[in-house]
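The two complexes that follow have chain A in common; it is paired with chain B in the first and with chain C in the second.
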Partner chain A sequence: MSYQALPYTYGALTEAQIDAIPTSSPKIPTGSTVFNTDTQMLEIYNGRIWLDERSLCFLVDSGVTVVKGNTLYTVGSGTTATGEVALMTTSSTNIPKFVGVATRNPVNGFVSVAHCGKVQALAGATITRGNAVEPNATAGRCQQETSPSTGSFGVALESGTSGNLIWIALQTIELG
Partner chain B sequence: MSYTHFHHWGERTQEEIQRLQQTSEYGTAYNTTEPRLLQDGQSIIDRGLEGVMRWSKNPAQDGSSNYYNGCFMSAEFSQWWSTASGFQNKWFTGHNNPQNEEMDLGSSASDAELAVGVSYNTLYGAATQVGDPPSTVGDYLQLKTSGLTDVDYSGINNPEVGELVEEGNTDGKVDISSTKSNTFGWVANTSNVVGTAGSMLIKINTTETA
Partner chain C sequence: MSYTFNNTGGTNHGVKTYNQIFAINRTTVGASNYWNPTLVSGDTVICEMSYIHASQAIKDHKLLTWYDFDQGGSVVYGAHWIGAGIYLCYDSDGNGWGVGDFLCCPSIETPAGAGPRPMVVKATSVAEAERPMGTALEQCDENGFATVAMMGLWPAKRQGSLGRSEAIYSRTDGSGKVDDAPIGSYKNGAFGKAIDPDFPIITSTAATPTTVAGAQVCIWGTAAEVF
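Let's look at the complex of A and B:
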C-alpha cells in the first residue's frame, strides 16, 4: 500500500477535473471518493454520478432537459408520483414538491440535486444580491423576490442577469 | 507499509480547531505562505458541534502576497465572506450587503428574514472586491446553515426549549420570538443561558419568511 496525501480515491480535484474522469474502461468503482475544491466538499461515486453530502441522486423525467443550476421538483403525486424530477415552475401545486438545485449536468439521465447550502442557481431575470429567490416563469430558473413569502427558497448572494449562474444560499422552500 | 490517517488532524475541540486554523502552535508563516499547514480536503473530527469537517484552502492572496485563510467545511456548513471580524457563534444575513457573496452580522427583522446561518470560526480579515466583474476575496467565513449550532443570546429572561428565535437585542445575537415571524430556528438547549444572556443550542430553520 503506497502513501497518498489524502485518503480519498482521487485526492483533491476541481469540479472540471472530476467530471473529466472517465466513467468506463475502467469503470469508476462505486464508493470512490474525491474532494471537490470548487464546492469544498467530499464527493462519493454512487455507481452513476458523483454526489456530495448535501445532494441526492434523482432520475430526470423523460423528455426533460436539465442543466447545472436548474431548480427542480418531483413529478406527479400520490399514486402517480414517479420520484423523477422536472424543471421547477411557478405553479402553486409544485411548490410543496420542490427538491432543490441541480449541481451538475445529468449523466445518463441521473442528476445530483442539492437541498441546502451554497449553490449556483440559474437566473431567469435580473437579480440583485440580498434579495430572496423564488421560481421564475421560465421553468427551472429563479428570480428575486423583494417581499419574500410562499415559494421563496433561498437568498441571492450574487447579482446577475437572466442566464447567469448566481450563488445563492439554498434553503427549504417557504410553504406559506 | 505506510498509511494515511483518514481524519488527518484527529479529534479536536472547537478552540483547538481554531488554534490549528490560526497556526497558533506552528507560526503564522504556515498560514499565509506556502507550504501551508492545512491542505484541501484534510479531515478533522470536531468535538465542538460533533461532526467531521474538511479543510478548504483559500487560493487568494492579499497585496503583500500573503494567502487569506481558509475554513473547514461539511454538508451543514457554507463558505462565504464578511467584512465583520472576530465574531463567533453569531447569526449572519445576506441582506443589503455591498459585495457579492458577502455576509454581515444580522440585527433587524429584515435581516432575520434573510438569515443564512451562524458563524463557527473566528475571522481575522475583512473581505474586499477585486477585478471586473468583481469577485470577493478575503478570509473564508464558515457558516453553519443547517442542523444544530451554538448561538449567542441576548433577549428575554429565561428562554425555554422549543421556542422560536429571531433577532436579539445585540447584533448577531438571538432572542425569543414573540410574533413568530422572521424566525430562523428554535431553541434546543438553554443550559448556557443565564437570565438574559449567554449562548444556546438552536436547530437552524431558515425558512420562515412571513
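Let's look at the complex of A and C:
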C-alpha cells in the first residue's frame, strides 16, 4: 500500500536512501516498490534485495567477493553449472557464460545483476566514451576495445579511468 | 498521494505468480493457480517468477499493466498485460501459438494484417531462428494478436535439458522450443541463457493441468548474436 506522491511503497528515493531502508526490522514485504532517482527506474523488493527491470537476482559463488559494477559470469558448465556468479575474466571459456553487471553490492550473498540497459560498470583501465567495452585482465572489471569482437558486451557512455564506475550501454556479449 | 492502488507495492492486485497471470488454466475453479479478477484498463499487478537454488527461493518480479489497446472501441487488438519488454504481436503465418512458445521474426512473409504490430512465427528455418523475438505470454489464434516477452526472465518450452551456463537458441523445426544447441554458423541466433532449467509449461485448462517441459530463460533484450 502506498501513501506516497508516486504510487510506490517508498515513493522516490536515491539509491543510497533505498539501500538504507531497514529490511529486517520491520521486514519489508516482498513486492514493495520504490522509484530509484539515480537510475530513473522502478525497483521491486524480492524478499532479499531490490531489483529493477533490467536485473535478475543471483547467488554469489562461495568465496567470491562482488561489488557494484563488477562484470559477472555463471560458474561451471553443462550439468555442473550452478547458476551462481563469479567475477568475469578474459578467459574465452567464460565469454559464453557472461551474465551481466552487478548493480549493487550483494546482500547476504545475493546480488542484483543487470543483463541489459544503462548500467555502471567498474573500469579496469582508461576508457573513452563511445568505445566498445570488454572484460579486463583484472577480474570483474572492463576495458575499452576500439575494434569490437568476441567478448565485447557494450558501449561506454562516459569516459573514466581504472577504478571508476562508468555508465555503459550493456548489450548482448559477442560470443564468437 | 495515492489511496487507489492499495495493494502490495502500490499496485491494484499485489503480487501474483506467472501461472496465476498467464497460465491457460488460471480461471479454472479448483486450480492451485486460480485467479480470475475483473480487470479494468490501467490495473496493475506484480508478476513473480521464482525457483529454488541451494535450498533458497530466488524471486524476480515485473510490474505489469492491464491495457485495453482498443480503448473501449471495437475489439481489434483486445486487452492484455503489458510491461517492459512486452509487445503485442501478430501471428504472421496463420498457425497460431501457445503460452511458452518461443517466437521469431518471419523471414519471407509480408502479411497485410499486422498493422504497426511486430510479426512473429515459430521458426521453421535457420534464417528465422537467427531472428529471435521472444516467448509467448498468451495463446494466439490464427492471424491474431497476442503478447510476447522480449526481455528479461520468462518461461519458454524447451528441447531436452538446458545447461545454466550455455547460450540458448530457438529451434528451427516449428516446435516453438528453445535449445542450447547452436543452429547455424558460429553462435548466430543466441538470445539469452537458461536461469532455471526446469519450469513446466501448463498446456491445458484443467484444474490439474497437463504440462510440457520448459525453463525460465533470461532473454538478453538488446539483440541476438549476429556475427
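Here, the second predicted complex is superposed on the first by the 172 of 176 C-alpha atoms of A that agree within 3 Å, B and C clash if a C-alpha of one lies under 4 Å from a C-alpha of the other, contacts with A are read in each partner's own complex, and residues count from 1 in each chain.
The definition used in the following text is that a contact is a pair of C-beta atoms (placed from the backbone, for glycine too) under 8 Å apart; a residue touches a chain by one contact, two chains touch by 3 or more.
Everything numeric here is computed off the predicted structure, so don't read it as measured data.
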{"item": "Partner chain in contact with A:E174 - chain B first, chain C second, else both or neither", "value": "both"}
{"item": "Which of chain B and chain C A:A132 touches, first, second, both or neither", "value": "first"}
{"item": "Contacts of A:S152 with chain B and chain C, given as first, second, both or neither", "value": "first"}
{"item": "Chain B versus chain C as contact partner of A:G163, first or second or both or neither", "value": "neither"}
{"item": "Which of chain B and chain C A:Y8 touches, first, second, both or neither", "value": "both"}
{"item": "Greater chain A contact set [chain C / chain B]", "value": "C"}
{"item": "First, second, both or neither for A:L42, with chain B first and chain C second", "value": "both"}
{"item": "Touching partner for A:K118 - first (chain B), second (chain C), both, neither", "value": "first"}
{"item": "Footprint overlap on chain A, comparing chain B with chain C", "value": "1-8, 42, 53-54, 116-117, 171-172, 174, 176"}
{"item": "Residue numbers on chain A that touch chain C, as the complex places them", "value": "1-9, 29-33, 42, 44, 46-48, 51, 53-54, 56-59, 73-79, 81-84, 96-97, 99, 110, 115-117, 170-172, 174-176"}
{"item": "Of chain B, residues touching chain A in the complex", "value": "1-6, 8, 39-43, 54, 56-57, 73-80, 94-97, 100-103, 113-114, 116-117, 145-146, 205-210"}
{"item": "Interfacial residue positions of chain C with respect to chain A in the complex", "value": "1-11, 14-15, 46, 48, 53-54, 56-63, 83-85, 151-153, 161, 163-167, 186-187, 190-193, 195-196, 218, 220-225, 227"}
{"item": "Complex contacts: residues of chain A adjacent to chain B", "value": "1-8, 11-12, 35, 37, 40-42, 52-54, 116-118, 129-132, 148-149, 152, 155-159, 167, 169, 171-174, 176"}
